[in-house]
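Heads up, the next two complexes both have subunit A, just with different partners, subunit B and then subunit C.
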Partner chain A sequence: MKQLLFVLILLGVSVGAFSQGKYISKNAYISFYSSTPMEDILGESNEAVTILNGETGEIAFQALMTTFHFKRALMEEHFNENYMESTKFPKAKFTGKIEGFTKEMLKNPAVEVKVTGTLSIHGVDKTIALPIKLGMENGKLIGTTKFKVTPEDYGITIPSLVRDKIAKQMEVTVKAEYQPYKS
Partner chain B sequence: MKTKYIIGICLLVIITGAGIGLKMFFKPHADISKINTDFKVEASNLIDEFQKNENTATTKYSEKVLEISGKLVNKNKLENGTEVLVLEDEMQGISCQLDSTWAKSNSTDIQKLETGQPIKMKGICKGYLMEIKVSPAIVIK
Partner chain C sequence: MRHIQTIFIGLILLVFSEKTFSQDLDALLNAETKPTIDYSTATFKASRIINGHSIEQMKAKQLDFRISHRFGTLNNGAYGLWGLDQSVIHFSLEYGLKDWWMVGIGRGSYNKTYDAFSKFKILRQSTGAKVMPISLSYMTSVEMNTLKFPTRPEGAKNYFSSRMTYVNQLLVARKFNDKFSFQLSPTYIHRNLVATELDPNDIFACGAGARYKLSKRLSLNAEYYYAYNPNNKFTSTRYYNSASIGIDIETGGHVFQIMLTNSQGMREGTFIPQTTSKWFDGGIHLGFNISRVFSFQK
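Showing the complex of A and B:
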């Protein structure tokens, strides 16, 4: 009887370990790049977290603004204090759903899928559609995307004095290596 | 005579101004080993604080220098070479990304670290995303 109980507990634990086909990346890469003839600015973070629901095709992505790292300490300061107001809005978030999702997408070689959802930056929510390349690459489930963001759309004002140094649109790049979620 | 004096002062102001400006512009990133610690904490207590009230803990610790004592549970290397040490819990613990310059000059010590051992880290707390993010960080014990 005791043994049966033990087996049952063990079974319960192992089922729980793969909590319903969720995939996670705790060290996803995200960067934004602004290029002008005056100056190129690159901010990078390796600390974004994303969860992909393997049953429904829903994706959640979050990044802490303060984890973005720049070449110069001053850029980091301006980014957090003047533009993103990181103490007031510490996170950028995206939640969306893969269009026409099938579970095979997670096993096949990477293809481009469309993900529609809400992007929240600087406390402003916008509905967007992102092209995401998702699938297996060298035995790993990888998701990558590249898209443009206009700071003014998210209530970020750039003073006219430095407007020439900052691109009208930022290029955002994301790369996540998903692993089965163990909880 | 008077104009010379005025020009001299103007030049001095411009040079100091430019000097300060350039110094600010080229200000280096903080050297973790040298900056003062704001809080000394136990890893488990820090996790409790964030799990109980994320906002309060974020206000208290974000961008502050912490010294954290805890148990090393995971060690991995990211694609770009960054070493990550995870404390207390693999999924909901404290994730410390090591300072790349420090990691380079202390690579043998990092290799010797074993999961399960007690460890003391120093680094800048960035906030909470399922786990507590600390970067850049160094190992102090």
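Showing the complex of A and C:
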């Protein structure tokens, strides 16, 4: 009886730990930028969702492709129709873990940390390491990152006809302002 | 011993819960991601299926410059280079005032016609948070024939209003999947002046159009307009239903549409009630539309 109680308490504690110490941002910013002499393309979304586990240093990030907006309506159409195939692959996702995570990281001023994990775009998963700046800025927990992706790595082919207008590598920028998660 | 067992079970459970942890984070992420309304985009590649309007229109602050040609009929033979010696042209500027409202003006060499139209989105096909099985738009246009009036007998008058034709069209479309889209276009046309008493001033017609995507940038289109004209057999000029087949080639900001059609006019007031050539006699016109989109979005 005692054992069972002990086990249950332990389980309760660990389950309780799930909802505690989590941080969320429901309108994180994500953009990708392609720059060539012919044309600059900027796609932006303010509707990405990210969750940070303050106990373990795990990060999950998700953006729906259809929330990206562009200056030109045609770019948006081509982005969804021809490149991302958004009806087939509606979201881009990253799940990873901060290397050498300590809880103090969330209280101290922002420093650069390394996060390794899986980036999933266009239905293709790749293991990558991202440099993320994480910490307190003006009393808020902020996470930012900037990194490059190559469309071809994710099975996105760019026809030779428009090759000059689309950069070999896209610059991805992310900014999230985390709030304590309340379930 | 009992204690060790307890701790062991506890540890297993802890490990187990740790394992499910990232899945838990995943589930949470999905739960927190707002459900979106996913509107169907690119039901057709351009604002025309071939001759007639498609459900597509310019978004706000986008300008479409279109140039179209229809050559003579293939049955001209080698003497007329299978129709290429002769061509009619239409060009237009078409602009999106709002995402749901576009307007356009144009000029065609066929009957020296000026035209203006307005197209409105009423329903948009969507899935997700809101489900709508079809897209629905309304298109209305006026066409002004500016050919010189024929000489009339002494005392007979020509009226400016005789030049006008009015078109009203509902466009009902569905994108069935990534490749196949279909549209029905019930149409009502009023012509102020017609050639003979037997020609109706009011014409009811229904168009059917489809596209099948062959690759990401290439699609096969077909379009047919059935026009109801009860006295057609008795009029001096016999009119046929407009039937067309073509391909769309998309290259960034351009869409090229190349087609074979029995209509030489490029506006509803001409190709629906006044198509005079017949596919089976080789009365087929080669033609193309070029669409170039400019963005004025800041």
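Here is the rule we use: the second predicted complex is superposed on the first by the 165 of 183 C-alpha atoms of A that agree within 3 Å, B and C clash if a C-alpha of one lies under 4 Å from a C-alpha of the other, contacts with A are read in each partner's own complex, and residues count from 1 in each chain.
The rule is short, and it goes like this: contacts are C-beta pairs under 8 Å (C-beta built on N, C-alpha and C of every residue); 3 or more make two chains touch, one makes a residue touch a chain.
All values derive from a computational prediction rather than experimental measurement.
Visitor: Will subunit C clash with subunit B on subunit A after the two structures are superposed, or do they fit?
Guide: Superposition result for subunit B and subunit C: clash.
Visitor: Mind working out whether A:V162 is in touch with subunit B, subunit C, both or neither, as first, second, both or neither?
Guide: second
Visitor: When the two structures are overlaid on chain A, which partner does A:L74 contact: first (subunit B), second (subunit C), both, or neither?
Guide: both
Visitor: Return first, second, both or neither, reflecting whether A:T56 touches subunit B, subunit C, both chains, or no partner chain.
Guide: Only subunit C; A:T56 stays clear of subunit B.
Visitor: In the superposed arrangement, which partner chain does A:N82 touch: subunit B (first), subunit C (second), both, or neither?
Guide: The second partner, subunit C, only.
Visitor: Looking at the overlay, what does A:L42 touch: subunit B (first), subunit C (second), both, or neither?
Guide: neither
Visitor: Considering only touches as defined above, state whether A:T66 meets subunit B (first), subunit C (second), both or neither.
Guide: both
Visitor: After lining up the shared chain so the two structures overlap, which partner does A:K26 touch, if you call subunit B first and subunit C second: first, second, both or neither?
Guide: both
Visitor: Counting residues of subunit A in contact, which comes out ahead: subunit B or subunit C?
Guide: Larger number of subunit A residues touched: C.
Visitor: Once chain A of both complexes is superposed, is A:K182 in touch with subunit B (first), subunit C (second), both, or neither?
Guide: After superposing on A, A:K182 lies in contact with subunit B but is clear of subunit C.
Visitor: Clash-wise, after the superposition, say which stretch of subunit C runs into subunit B: 59-67, 167-175 or 257-265.
Guide: It is 59-67.
Visitor: Show me the subunit A residues, by the header's touch rule, that subunit B contacts in one structure and subunit C contacts in the other.
Guide: 24, 26, 47, 49, 62, 64, 66-67, 72-74, 87, 90-91
Visitor: Could you pull out which subunit A residues touch subunit B in their complex?
Guide: Residues 24, 26-27, 29, 46-49, 62-64, 66-67, 72-74, 76, 87, 90-91, 177, 181-183 of subunit A touch subunit B in their complex.
Visitor: Mind pulling up the subunit C residues that touch subunit A in the complex?
Guide: 2, 5-6, 9-10, 13-14, 17-18, 21-22, 24-26, 28-30, 32-34, 36, 38, 41-42, 58-60, 62, 96, 178, 216-217, 251-253, 293, 295, 297-298
Visitor: Which part of subunit A faces subunit C closely enough to touch in the complex?
Guide: 3, 6-7, 10-11, 14-15, 18, 22, 24, 26, 47, 49-51, 53, 56, 58, 60-62, 64, 66-67, 71-74, 77-78, 80-82, 85, 87-88, 90-91, 95, 159, 161-162, 165
Visitor: Please name which positions on subunit B make contact with subunit A in the complex.
Guide: Within the complex, subunit B contacts subunit A at residues 24-30, 58-59, 62-63, 78-80, 82, 84, 90-91, 95, 97, 126-127, 129-131, 133, 135.
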